[in-house]
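Down below is the structure, laid out as structure tokens.
Chain nomenclature is as follows: A, B, C and D, assigned in order of appearance, with residue numbering initiated at 1 for each chain independently.
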Amino acid sequence: MTFSYYRNIYLSDTDAAGVLYFAQGMSICHEAYEEWLNAQGVSIQTILKEKKFALPIIHGEIDFFSPIFCGYRLQIDVKCVPIKDREYAIAYQVFSTSSPDKLLAKALTKHVCINPITRKRVPLPREILGE
Amino acid sequence: MTFSYYRNIYLSDTDAAGVLYFAQGMSICHEAYEEWLNAQGVSIQTILKEKKFALPIIHGEIDFFSPIFCGYRLQIDVKCVPIKDREYAIAYQVFSTSSPDKLLAKALTKHVCINPITRKRVPLPREILGE
Amino acid sequence: MTFSYYRNIYLSDTDAAGVLYFAQGMSICHEAYEEWLNAQGVSIQTILKEKKFALPIIHGEIDFFSPIFCGYRLQIDVKCVPIKDREYAIAYQVFSTSSPDKLLAKALTKHVCINPITRKRVPLPREILGE
Amino acid sequence: MTFSYYRNIYLSDTDAAGVLYFAQGMSICHEAYEEWLNAQGVSIQTILKEKKFALPIIHGEIDFFSPIFCGYRLQIDVKCVPIKDREYAIAYQVFSTSSPDKLLAKALTKHVCINPITRKRVPLPREILGE
């Protein structure tokens, strides 16, 4: 099932070339991922406080197909792809709500599950995979 | 004694209005503060790890006198102003190395010393004041 | 009349001290300002494209009264204070929606109106003051 | 020939998980790219002002092999890989100066050359490829 996150583009998201700064595109996708976690009852703040596990990103990538300007209202579709028991990927598709059929960008993040103290890999908690 | 920090302005520091994004100006001053701490042997990472005390900012302000563009090389002069035993301020003056007599911006941050667990104020360690 | 902007705190807003990074607090207030402009029909993207005028910030300041953590849902109240015909200030009050009576932070930005080509001050367009 | 950029990690680069925020890793690699451009006499600010061409990023990716903490001093090696006449890639390798043999992260950005007004692709200026 796809989860959608809506987000306006602000001045701070842009750079002097007049468009969304590319790395900020990755950051906005991560916001969508946090809202997706939240929607299934997973709180990042609780994970950070309890220190039972952490979910660092081992890979991030983004492709831009069209420039994204200040004032755009983005719709970001989020989809979780389990890879194996200690790793999963999140796929993002970025649209503007004013032309929802035109893909502006797509992104992917890969996450592993570790013990935040030892930083060794541990099995992924079931709730993360949206099961 | 004044400490100087040098920093180039990158695309990510700017916004679509073509100049340094104002809040990023505050962030760059904080980099100067971290380098100043470092210069007196105070490591932020050690403070974060040991959790003996934390130095949250209770006030930040910045004034801009001239636009700051991508490619500028900034010189930021840092000065510590002790206020009382649990509070201190850092004053920043921002110049471009290409016209070092023209003040581009000035900023100020006020910090308190707290116990990071209880978040109650505690006396300021001597090394922070550069004594 | 007060305008309110709602915004969740994401991991990218925080730093290794575990709370909202102070300069990011200023940036989030600026988002509230952009939404307030938007609510009265003023589009930043149109201002940037038409280049008739620009509204640079000459002063920004923020006071923090309580730490702001990842996962907080902020309510930011925005109020415009006209100063004179070429200058205005925006005052911000920051609350968490979970305890709306407790002021977490307050901020202020001062803006001038300039010609973006000559960078000289020009009179402020009426629509900016919400008249 | 490899170009190296040196950069300390500041509090603003980190998040509440205690490490470098992943998208900020991409942004720091872009700083290295800007310094590399600069080293061959290409000024981003001049490109932005003259509007003869623009070099938007169409793809960015990063892999993390080890956590990067506040206070680290990074060495980022930059290498340009021409792809075809209107496209090029920049490859980045990220080390800590305290253990220069251990690769902490690697990244890649792909850039195209466009006319910033029409946003159509145009041939890449020779100076960009470091020829």
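Here, a residue touches a chain if its C-beta (ideal position, glycine included) is under 8 Å from a C-beta of that chain, and two chains touch if they have at least 3 such contacts.
All figures in this text were calculated on a predicted structure; none of them were measured in a lab.
Taking A-C and A-D together, the pair of chains sharing more C-beta contacts is A-D.
Judged by shared residue numbers over all numbers used at their interface, chain B and chain C contact each other through mostly the same positions, with over half in common. Ranked by distance of CA centroids from chain B, the top chain is A.
Remark: chain C and chain D have CA centroids separated by 31 Å (rounded to whole angstrom). Centres computed as Cα averages put chain A at a distance of 21 Å from chain D. Measuring from the averaged C-alpha position of chain A to that of chain C gives a distance of 26 Å. Within chain B, the positions touching two or more other chains are listed as 11-12, 16-19, 21, 23-24, 27, 30, 45, 48, 69-70. Residue ranges on chain A touching chain D, taken from their complex, read 16-19, 21-24, 26-27, 30, 45, 48, 54, 56-65, 67, 109, 116, 119. Touching chain C in their complex are the following residues of chain D: 11-12, 14-19, 21, 23-24, 69-70. By the touch criterion stated above, chain D contacts chain B in their complex at residues 8, 10-12, 18, 27, 30-31, 34-35, 38, 43-46, 48, 69-71.
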